[in-house]
C-alpha cells in the first residue's frame, strides 16, 4: 500500500481529516461509539503541537472548545447521544456568539443510554433542534470513510466560512467500519482559515458588525482587542440589548447567514438519478445499503437511483425537489421513525409519493430490507 | 371576589393547579421567567406536606423529580430555555424508563441566554426533539390563566395515564399576565392517579410488561418489589437487552403509546370555525391576539376563525386537517420562524394555502400585526 | 342452544346450505381441506333421498355433476386446488353448454400439491381463467360461517338464474373454523328453481334460443325433448356451427349474460366506509382480520373502513370505484401476490393509491400484519 | 431454394426449431390445430435418436415430459385448448419442482371444444393463470414462421435458464400458414444447455439450493445423486416443509426468478414507433394484420407504429410503458375480449388512452377491420 493509503475506521478517518484540516484543540469525554476519536487524538494531537484535554464531562468539553476557538484555535469535540444532549445548552451559546467549532456525534441507539454498541440515526432532528430558542444549525454526515475524510475537512471549512458550530453526525456503523482511505496530499483539499479582522489594536473593532458579504471577521480573544462576548442578544459591540430591532436583526442574521446559503452548504452524491423512476434518499450507513440496492436492481432493469445527502441541515429542499421531479416513488432510507422523511415530504411537489424504508432495532438496514419495503410500497406485497 | 376566584399570574395559576392535582414533590433551580413557580411552591408545598428542593442546577432538578416519581410521588420542575436544554439528557431517561413527571418551560427569547425577560415561542421543536434518539413527547400549552389551570391538571393526568414525561410549554406573556382564575371545586376536574400494580410482594412483578390496554402498572420503588430501572433498552423485567426484537418492541411501545392516542391527547379550543374562509391556528399568548382579531373582524363580516392548540405534540394532524378542510387561507400565528407552521403544512391537503404570521423580536404579536400580515397574504398590500 | 343454532365448521355450513337450497346430487373425490364436505354429504344427502357419488377422480366428479344437472338435479362438487385444476376442461364444457352447477374450491397453498393443510387465496385468477378460451365465470366467497351459509344458497340461486357454473371459492381457515351458525327457516332465504321450458313434448324446443329476458329455459335431459348438447359452438338447436355470426353471437351471449349483470351478481358487505380515508378491500378469511383491524383502529380515531367482496368475478368494478371515490389509501388484503389487487387497480380512478397487504406463507394474515403494512404504506416505517 | 431455405407451416417451423435446439423427448396426444407437430416429430425425432411417445391423453403427456426432463432430456409436448386445460395440474407440478419443459398450445376457438379449426387468441390468461396457486409463468408467441423458429429456440433456452416450464402460445393461423423459413446454421442461434451440478456423487447435493446468481444446478435423476422431488413446498434438500419461512422463501423464489427478469425475458419487435402518435400493440397472427396496416397507412402520412409482443408473460410492463409514453392512442389488436388489453391498461400512464381492436368469431382480424375500428376510436365514425 502506498504511504497515503490507509485502512481506517470511520472514527479514525475523522481524526486524520481533522489533523489535515489543522485541528489544534480537542476537548472531550469518552463515550461509545465515539471513543476512538478521543483515544487517537490523545496521541496524535500533542505530536503535532496541539492540545488534547480529557474533561470531566460533555458540558465542560463543549465549553472548553468554545473558549479555545475564541482564542484562535481550530477546535472539535466528539461524543454520542447522551453526551450530545448534555452539550445542547453550550451549543446554543456557540450559535449565539458565532464561534466556529466542530461537534462530532457518532449516533447510537436512543433515547437515553439506549443501545450504546448498535447503530441508529435517531439524532437527526435533535441536531437541528436540540438547543432552545429559534436558530439554525449546520449538520453534515457521510456514508463511507473516504467521504468521512472529505466531509470532515468540509465541515471545518464551513464552520469557519459561516462562523457557526457544525455538527458532524455520523453513526456507529460508519464510525466502526474499517476500509481503505486515501489521504489526500496537503492542499489537495483547500482549507478555509479563520477570517481575522484587519482592524489594528487600539482602533474601534466591532466584533458583531457583519461585513458587506455577511461575514464577521474575528479577533483572537486575549489578543489586541478587548470586546464583549455574551449569550444574550447583543449589538455590534457585543453588548446585551433587548431593543426589538436589535433582537430581530440578530436573530435574522443568525438564521439568514445559514438558510440563505443552503445551496452552497449542500453536499450530496447522486447515483443514476437521471432516469430514475424510484429515487432513494439516504445518508450515513443507510446510504451504503441504498447504493448497493440501486446498483443490484439496475442490473435487472429497475430504474432506481440514489440521492445521498451529506448535508442534512439546512435541509437542501431545492436540491431534493429538483432531483425528485420525475420520480414516481421517493423512498427515504434511514434508521429512525422518519426524521429526514418529513423534510423530504415538505420539499417535494407531491408528498404522497414519499415513503419511509427504515429499521429501528439497532441492526443496519440491509439492501434486502429496503427491497422488501419497496415491494410493499409498490403494492407488490410481501 | 368569591373565595375560589383569584387574581393570578399564569405562573401562579400553574402552581395552584399543580397543588390541586396532588403535587407532592418539586425540585428546581430559579430562572426568569419561571421563577415565580419555584418561589410560590417553596412556601405552599411544605404547607401541604410536600417536598420542595432547590437544587444546584437543572440537571440535578430533573434527576430529583425522576427519582421521587419512581418512589410514588407526583412531581414537577419548572425552568426556562437554558435550563430546559440542560434537562434534555435526563428527560430522555424519563422517557425510556416511563416515569410520570411534569416539566414546565416558560419560554423566553433564545437561543442561549437570549432575551430573558421577553416573550418567545422558540422552544416548540426543542420540546419535541431536544433529547437524543428516536422518541415521542407530549407537549401542552395554554393562552390564558384559567386554561393554564385546567391544562396543568390535564398535563398531570396525561403524564400518569401514558406514563411519560409531559412538557408544559408556556411563554413569558402567559406566565406573567395577571388575570382572574376560578379555582374549581375539589373533584370538579377528575384526577388520574398513579396506576399501581396489584401484584403482591414476593410474586413475580414485571415492571415493563404492558397490560392488554397498553398501560404499565408501577410499583413504588423501595417498596415491596425489587426491580431494575435502566436507560438502556430493556426487557419486561427491566434488564438491559440489545436483542433487535426487544429494541424494536420497546421503541415502538414508547412511540405508539403516545402517537396512537394523538386524538385523545389533543386539547384545543375553536372559535367560529364552522364557516371560516380564513383559519388562524395559534397557541399560547399568540392565540390571545388571534382570538381578539377573529372577534373584531367577524363583527365586520370577515369569515375568520381560530383553532387554538393546547396540545402541540403529538401534533394533532387529523384535527388540523379536518378543521382546515374548507379554508381558503390557513394562517399560523406564532412567535418563532414557523415551527408549528411546518406541522400544519404537513397536515393539510394543500400546503400552498398555509401562511405564517409571526413576530420574533421579543414583543408580543398584536391583533394589528396579524391583520397587517393578512392583508399582504390576501394580496391587498401593506 | 335453539334447534336452529349450530356450531359448525365452514365446510359444514356449506353442506347445510346446499341441503337447504335443495341439493340432490353430489359427486366428488376427497382432498384436504375440502374433505369434510364430501364426508358429511355422504351421510346427509342419501337421508333426504339425494345421490352421493365418490368418483375415481375430479375429472369424473365434474363430468358426473354436469350430467346430473342436465337431467334436472341441483348439483355440486367440492375440491381443493389440484382437483380444481383437473376440473378445468370439463368446467369449460359446463360454461359452453350452460349447465347450472356449483363447484366448491376450499383453497390451500399452491402451486401443485403445495401446502395442503394451510390457508391461501391463490386460486382467485385461476377460478376466472383456468379453463381455455374466452369466457366469463361467476366466483363467490365468504368470510364467516353464517355468510358461508347464505352465500352458498345464493350461489345455487345465481347458478340457476344465469344458467352457468358458479365457483364457491372458500379457503382453509373459513372451511375449518368452527363458529355459531343460525340455520334460517325454510323459505327465509328464497330459492331460485330451475327454469324449465313450457314447450310441450313433440313440439319444437330450441334448447339454445334465449328468451327475451336473456334466460334460457331447460328441459330435463332424457325427458320429453330430444336435443343436442355440445361443447362446440352451436346454433339454437344445439348443433355445431363455425358460422362466424353464430360463433360471435354465442360467445357474446355467454359473456354478456354474466358481465351485463355484474351489479346484480355483486354480493358484498361494508363496514364504516362512509367517511373512511383508508379503505381496506378483502374477502374470505383475510376479511376477518381486516374487519378486526377496522374496528380496533376506529376506536382510536383512525378512519379505516372495509369493503368485503363476496362476489369476486365478475369483478364488481363500479361498486369498487364508487366505494373508493373518497379514499386516500385503498389497501387490498389477500393471501396471494395481489390477484384481486390488479382488478381493484383497474377499477379505481387513481391506481397509485392502491396497495397490497398480503401474506403468502401459509399462515393467516393477522390484524397486526395488516397494521404493520399500513404503517409502511403510510410512510411511517417499520 | 438453398438447402437451408424451406417452405413450412408454423407447426413445422416449430418442429425444426425444437430439433435445432436439441429436443430429445416428446410426448403428446393429437388435437387440432396442433397435430402436425406430433405427426412430424413421430418421424423426425427417432431419426436423430430421440424418443417420441403417443400417450393416452394430455395428462399423461405432460407427466411424461416432466419425468424425462428430470432425467436430463430436453422435452416438449404440443396441444390445443382442451388438452391444455387437462395439463394444468401437472403443469403446476413442473412449476413447483422447477422442471424445464416446453408446452406448445396452438390456440383454437374456445371455451370447451369450441371452434377447433378456426383461429383465436383466447388462452392468453389461461396460460398465465390456468394452474392453481400463486405462481409465475413464461409465455411466448410469434407471428410468422421465421419468428416461430427463433422464438421456439429461445423458449427452450429460457426454460433451461430459468428452470421453469415455458408455454409457446401460437394460434391456428400461424400454425397452419405456410411460408418461407431460413433454417439458421448450427450455432448461429446460441443454445442454453442444462445447468448440471458440479457436486460429485457421494457428496451432499442440495437440489433446491439456488446458487448466488439464483440459478439451480440440476442432477440427472437416476444418476449419481439420490434426492427428493415433490410438488409440496420443500426445503433445499427437496423435503416437504410447511415452515412459514420455507413456504414464503420458495414462493418468492418461484416468482422472483421470473418476475425479476422480465426485461431479459421480454422478446418483442417494433415497427416505426419512434414518432408514432398511434401505437398498435399486437402479437401472433393479429400482429400480421397490424403490421400490414402500419405500413400501408404510413405511406399516407398517418403516424402509426407497431409494438409486437413475443413474450406475453411475464408481461413486459416497463417496455410497454416506455414505448407508449408519447402515444395519443394505444390500440391493442387481439382475437379475444381484451386479455392483453388489461395488462396494457395497467402498464401505461393513462389507461383512458388504451383501446381494443378485436375479433372473436373465428376469422382472422384483417387490416381493414383494424382500420375501421381506428376510425371509430378517432371519432371519425363508421
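Of note:
Think of it as A, B, C and D in the order they're written, each chain with its own count starting at 1.
Everything below uses one rule, namely that contacts are C-beta pairs under 8 Å (C-beta built on N, C-alpha and C of every residue); 3 or more make two chains touch, one makes a residue touch a chain.
Just so it is clear, the model here is predicted, and its values are computed rather than measured.
Under the contact definition, subunit A and subunit B share the contacting chains C. Remark: among chain pairs B-C and A-C, A-C carries the greater number of C-beta contacts.
A rotation of 95 degrees, rounded to a multiple of 5, brings the CA atoms of subunit A into register with those of subunit D. Farthest from subunit C in terms of Cα centroid separation is A. Rounded to whole angstrom, the centroid-to-centroid distance between subunit B and subunit C, based on C-alpha atoms, equals 55 Å. With centres taken as mean Cα positions, subunit D sits 30 Å from subunit C.
Subunit A and subunit C have Cα centroids lying 60 Å from one another.
Contact with two or more other chains is made by residues 248 of subunit B. If touching chains are joined by edges, the resulting network of the protein chains shown has some other shape, matching none of path, cycle, star or complete graph. Counting only pairs that meet the touch rule, the chains in contact are A-B, A-C, A-D, B-C, C-D. Listing the residues of subunit C that touch subunit A in their complex gives 328, 336-338, 341, 345, 352, 354-360, 373, 376-377, 379-382. Taken in their complex, subunit B has these residues touching subunit C: 248, 260-264, 318.
Residue ranges on subunit A touching subunit D, taken from their complex, read 300-301, 303, 382.
Only residues 59, 81-82, 84-86, 88-89, 92-93, 95-97, 109-118, 120, 122-123, 125-126, 128-135, 230-233, 242, 244-245, 247-248, 251-252, 254-255, 336-337, 339, 342, 345-346, 351, 360-363 of subunit B touch subunit A when the two sit together in their complex.
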